[in-house]
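First comes the structure, then the notes that go with it.
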Amino acid sequence: MARVPTGIPGFDELIEGGFIENDVILLTGGPGAGKSTFGSQYLYSGIMHHNEPGVYITFEETPARIMRNMWRYGWDMERLVKEDKLRIIRTDPIAYGRYIKKSMEADNKGDHENATLETVLKQIYANIREINAKRLFIDSLTSLKISPDPVDVRHIILEFIKNIESFDCTTIITSEIHKDPDNFSVEEYLAEGVICLKVFRIDGERIRSLEILKMRGVKHDEVLRPYLITDNGIIVYPYESVIGKEADVFSFQKSSILGEE
Amino acid sequence: MARVPTGIPGFDELIEGGFIENDVILLTGGPGAGKSTFGSQYLYSGIMHHNEPGVYITFEETPARIMRNMWRYGWDMERLVKEDKLRIIRTDPIAYGRYIKKSMEADNKGDHENATLETVLKQIYANIREINAKRLFIDSLTSLKISPDPVDVRHIILEFIKNIESFDCTTIITSEIHKDPDNFSVEEYLAEGVICLKVFRIDGERIRSLEILKMRGVKHDEVLRPYLITDNGIIVYPYESVIGKEADVFSFQKSSILGEE
Amino acid sequence: MARVPTGIPGFDELIEGGFIENDVILLTGGPGAGKSTFGSQYLYSGIMHHNEPGVYITFEETPARIMRNMWRYGWDMERLVKEDKLRIIRTDPIAYGRYIKKSMEADNKGDHENATLETVLKQIYANIREINAKRLFIDSLTSLKISPDPVDVRHIILEFIKNIESFDCTTIITSEIHKDPDNFSVEEYLAEGVICLKVFRIDGERIRSLEILKMRGVKHDEVLRPYLITDNGIIVYPYESVIGKEADVFSFQKSSILGEE
Amino acid sequence: MARVPTGIPGFDELIEGGFIENDVILLTGGPGAGKSTFGSQYLYSGIMHHNEPGVYITFEETPARIMRNMWRYGWDMERLVKEDKLRIIRTDPIAYGRYIKKSMEADNKGDHENATLETVLKQIYANIREINAKRLFIDSLTSLKISPDPVDVRHIILEFIKNIESFDCTTIITSEIHKDPDNFSVEEYLAEGVICLKVFRIDGERIRSLEILKMRGVKHDEVLRPYLITDNGIIVYPYESVIGKEADVFSFQKSSILGEE
Amino acid sequence: MARVPTGIPGFDELIEGGFIENDVILLTGGPGAGKSTFGSQYLYSGIMHHNEPGVYITFEETPARIMRNMWRYGWDMERLVKEDKLRIIRTDPIAYGRYIKKSMEADNKGDHENATLETVLKQIYANIREINAKRLFIDSLTSLKISPDPVDVRHIILEFIKNIESFDCTTIITSEIHKDPDNFSVEEYLAEGVICLKVFRIDGERIRSLEILKMRGVKHDEVLRPYLITDNGIIVYPYESVIGKEADVFSFQKSSILGEE
Amino acid sequence: MARVPTGIPGFDELIEGGFIENDVILLTGGPGAGKSTFGSQYLYSGIMHHNEPGVYITFEETPARIMRNMWRYGWDMERLVKEDKLRIIRTDPIAYGRYIKKSMEADNKGDHENATLETVLKQIYANIREINAKRLFIDSLTSLKISPDPVDVRHIILEFIKNIESFDCTTIITSEIHKDPDNFSVEEYLAEGVICLKVFRIDGERIRSLEILKMRGVKHDEVLRPYLITDNGIIVYPYESVIGKEADVFSFQKSSILGEE
């Protein structure tokens, strides 16, 4: 099985050298955890070092803001877009779903969620084909949850992931953390791999750590590893682990959470 | 009562030598706990060592990915499929239910959930009969919860389990953990046996443990036992128990959960 | 007031010698707590030692499985069924309710829940009369909660219990624990007596304990008492109490619950 | 303002000698706390020692069971009923509400909740007038919550309490504890007085305590006081308080609650 | 900006001498905290010491009960009502809303919540004008939450507060505490000032404390201050603070809450 | 990228000198945290020190109250309004949405939420253009959540933020904290930057602290920093951090929260 190096220094050591080709990997984390940076670095590195074109699907941010924000790391995404090695496509499944729903109601014809899903998938696939992309980054799955019914959401997520799996791209999809941490969300069960970004606060400063919750078919690392967001992007420390400070973390976390007013 | 050895080294010691023939056993655990590996090992071992054909029903993963992922353990499931000793069947009750619902709404005829359930059960039964399967693995029950009404869900789960019990197969069904751990889910009450896979994190590393919550009609082990996922599949340590590290587990767990950002 | 000995060694000491004749007692506990064993032992002992016929109403398990599972304790329930001293009747109020609901919708006639309840009660009463049963065991009340509306559920449970009280049988009804333990369920308020089975885990092993939450009109024990599930059924230790290990229980419990992944 | 002695030894010392005449007092507590005993003792003592007839409204228990259960304390309620000094009336607002709702739906006429409330209030008032009752006990308010809409429930409870206040009786109404203890239920805000029965478990035994949450217009006790359920009914210890054992209570409570399986 | 002294001894020291004229201040607390006493004292003192007529709007209690309950403090509200310096007006927005809703449904005309709100506001305003009131007390805002939709509730509360602000009265509105304490209710965001009454239990006795959560435009105290309910009403201790006993409070609170049965 | 100094002493040191021009920054905090003061200071300082006109959009407070409340800090906002350097505009999206919804229902024409959003955005944009504003403050986003459906809310928030981003203003939007602190709200994911105001209570006094959860494209501070509300507005201490008192905070917080009655 071919492996796809991620371009995140230190990360590939945790997963036998890279993702399995064409897998769909979930990346979870809160606001400020660095999910967009992780995905941009993955695409940028693919183009620069492996000559693999990439597609960035954004359901929320505008392409202009994404390119601007990545300047902080010295990545010239605009140039790559101009050379058509990178596509940054913004689409909004919720707005789309609402539009389709309304036209359907007029005709009384049915399943707007499937129609929305199909349109979004076609748009992603067209962009992949046009530049022959090998890497795909989608930010974020949460915007695809266009139904209030959890059974529908499960169906949408499952269909979306299974379709993306057939696109001949190695894909990272981000997901917001919305539920309580004892419960796993449906996408954590359905994806081939799950990477969790977790941010603690210790003595008033943040400690960033990364954990591979699962990576099917791969003998993967299972330890909580620290990572940093540097001027050159994300770096993972694959031989260090986040231990020994748990008690402090606990008392501080607890207080800061309860202390919110 | 005939016993069915599971093929998981160390596990049968906990349940007087194996499952009771034709029982339906529930296997619960989070993402990455090894539920699919447990089930594949059970089927693979049945075919290789007891010449008992098996059926793998997947409501989520594609058969191709399952076969690929099991290569990690050196299990050549593809060959077994070709020899028709193993069937890996993907079906999607949610999509199915939605389709049936839509056609029914047109005709205004009623109970799409029962129709969905019946179709899924027929498909499973046909595959069992065709290869004379003795072992059945179903992944996962959660995809059968195709109604938002808990009363309907209870009915579906009960009907499904009671039907599966009549198929002359010894069956493992997986279930996701979605509720808070003080509450048991309906399937834990309705199944003949329940095996729980639990994963702790201690000092940054994961400890895997297994517990038999119940096994009706069997004098079963009641201790928390460690297990490993090795290059040859799952191994249970039936004479060791996970104790003495509870305080550490507690403080760490707590902090890492609260620490999520 | 005549007393009905339960046949559970050690239990009658806690309630002045037995249940009050014709009372309806609730038995709560999680999966694996031994609720079915408790009820079977109560019926079996009634037939064997007091020549009182019994009826076992099961809303979930099949009679065949129940008889099989009780073999573990050496109880030959099949013979008692053949001699018509024991009836094991399976009925499914949810399926029944759904069927009635559908036919009613056709005729637009109304209250399917009452119709379901009435049918189930008639069936129970007929079986009691036919063998002149003195003991009744119903497993479980949860399957009677056939409405999503808590006001309807309260009505159903209240009507069910009040009707059962008029059947001239001394009755045990089981109930699953579905809510958080600070809240009592409606049946705990409505039944004449409530027996709680609780299972702790200490140092990786399970400790089983029993508590009488209430027993109206009876001067009952109020201490947490240990019980065992032996090869001969349940034994209660009425002069021992589960104390002194609380701190351990606490830390372990907490960790193992949070540790679930 | 005239005072009404409760007949609970030790209790009147906490509230300047008794309830204020014609007040409506709420009595809260879980199953087994002794709410029915408290109310029966209040009525029984009123008849025996103050020659004040009483009405017992039961929305759940049958009058026969209530009389039987009170035998434990040596109270011959049956005789008082025969002498028409005591009325024990069972009515079921939920069943009633369902019946009214159905007939109304036929005529499409509207507000079944108000109709139900009015009927129940008329029935209570008629019984009060017929025996010239001075004391009223209603068990329990929870059965009056016949609507799933909290705004409707608030209206029903407020209307019910305000009507009862105008009946020239001094009234105790019981209420189940269904919500988490940080939140007060609507009746705790709306009643003139609130008495809470709380049951702890310490070292495996139960400790019963009573607290007066409020008593408008009365300089009332604010300490947690122990009470016992003896062979002669409830006794309160107005000069003792439940302190000094909190830590034990805490660790045990916590563990036993979490330990439930 | 003119200041309005509250008449609560010790309280005005915390807010630069009194409320800002014409502000709307929220007063939160559980049952028994003394909210009605606080408001009555504010009105009574306004009439007696500043010759400012006052209006007491009660959505729950009857005026007769309010006057009776305040006798405990020696306040003769009845006389003030007779002299028309005080108005105590009972109105029931929920009942009103239900009535309006029903007539509207007949005519199919729309927004009963706005109609209810308008009627209640007109009634309040008329009473203010008739006696030229300067002080207004409204008990409680919770009864205005006549819609199950939180968006509607937000609108109602916002409209109500903004209208009251324009009535040229300095107003206290009470609010029940219904949500968990990590979440603030909408009125806490919308009011100009928020005073919280909190009651702890320490060693079985209650400790009452008061905190000013906010007071816009005012340099206000931010410490938790003790208060007492004496025979002469509420007294605040502006130079003491509730500290140093936290650990005890915690362990006791926790246990007594969990200990509820 | 041009930077916009905030005018909050000490704050700009945390974000490389100021906001990125035209960014939309979220400011979260409970009642009394100082959100309105933060926003007013930002606008006031922009006009006074950088000659940049500003627009204050209030969905809740009246302009008159805002101006009055800011007098406490010596800021003469009324003069700035007269000179047309500052606009304070009150609009109420909920009331607006309700009005639009009603007219639409009459015509049966559809999406009132989009119509409401569009109207509010046009009004904001018109005011910006008329005074050529460079700074915008919106208080608060919560009032825009005019739908009970979270999918709709996500759409509204996303559309609102993306539109505001295109207005050539540097914008602060406030948000109430309504959910439990483990869950981030949708706006925290969608905004370019998030500033959290947190208020602890230590020994009865409040400690105010500020944290930058994220600031896309900016190398920002990640430590919890103290701030004060002085007679001259907010001051941040960028070189101090809130540490070392966590245990105290915890025990106190916990007790005071649980202690609420």
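Think of it as A, B, C, D, E and F in the order they're written, each chain with its own count starting at 1.
By our rule, contacts are C-beta pairs under 8 Å (C-beta built on N, C-alpha and C of every residue); 3 or more make two chains touch, one makes a residue touch a chain.
Because the structure is predicted, anything quoted here is derived from the model rather than measured.
Superposing chain D on chain E by their CA atoms means rotating through 60 degrees, a value rounded to the nearest 5. Of all residue numbers seen at the chain B-chain C contact, under half occur in both copies; the interface is built from largely non-matching residues. The centroid of the Cα atoms in chain A and the matching centroid in chain F are 28 Å apart. In terms of their C-alpha centroids, the spacing between chain D and chain F amounts to 49 Å. Counting partners per residue, chain D has 30-32, 177, 180-182, 201, 206, 254, 257-258, 260 as the residues that reach two or more other chains.
Those residues of chain E lying in contact with chain D across their complex are 30-32, 36, 60, 62, 65, 68-72, 92, 94-95, 97-98, 102, 140, 142-143, 145-148, 176-181, 201, 203-206, 231, 248, 251-252, 254-261. Those residues of chain F lying in contact with chain A across their complex are 1, 20, 29-33, 110-111, 149-152, 154-155, 158-159, 162, 165, 177, 180-184, 188-190, 192, 194, 196, 198-201, 206, 213-214, 216-219, 222-224, 241-244, 246-247, 249-250, 253-254, 257.
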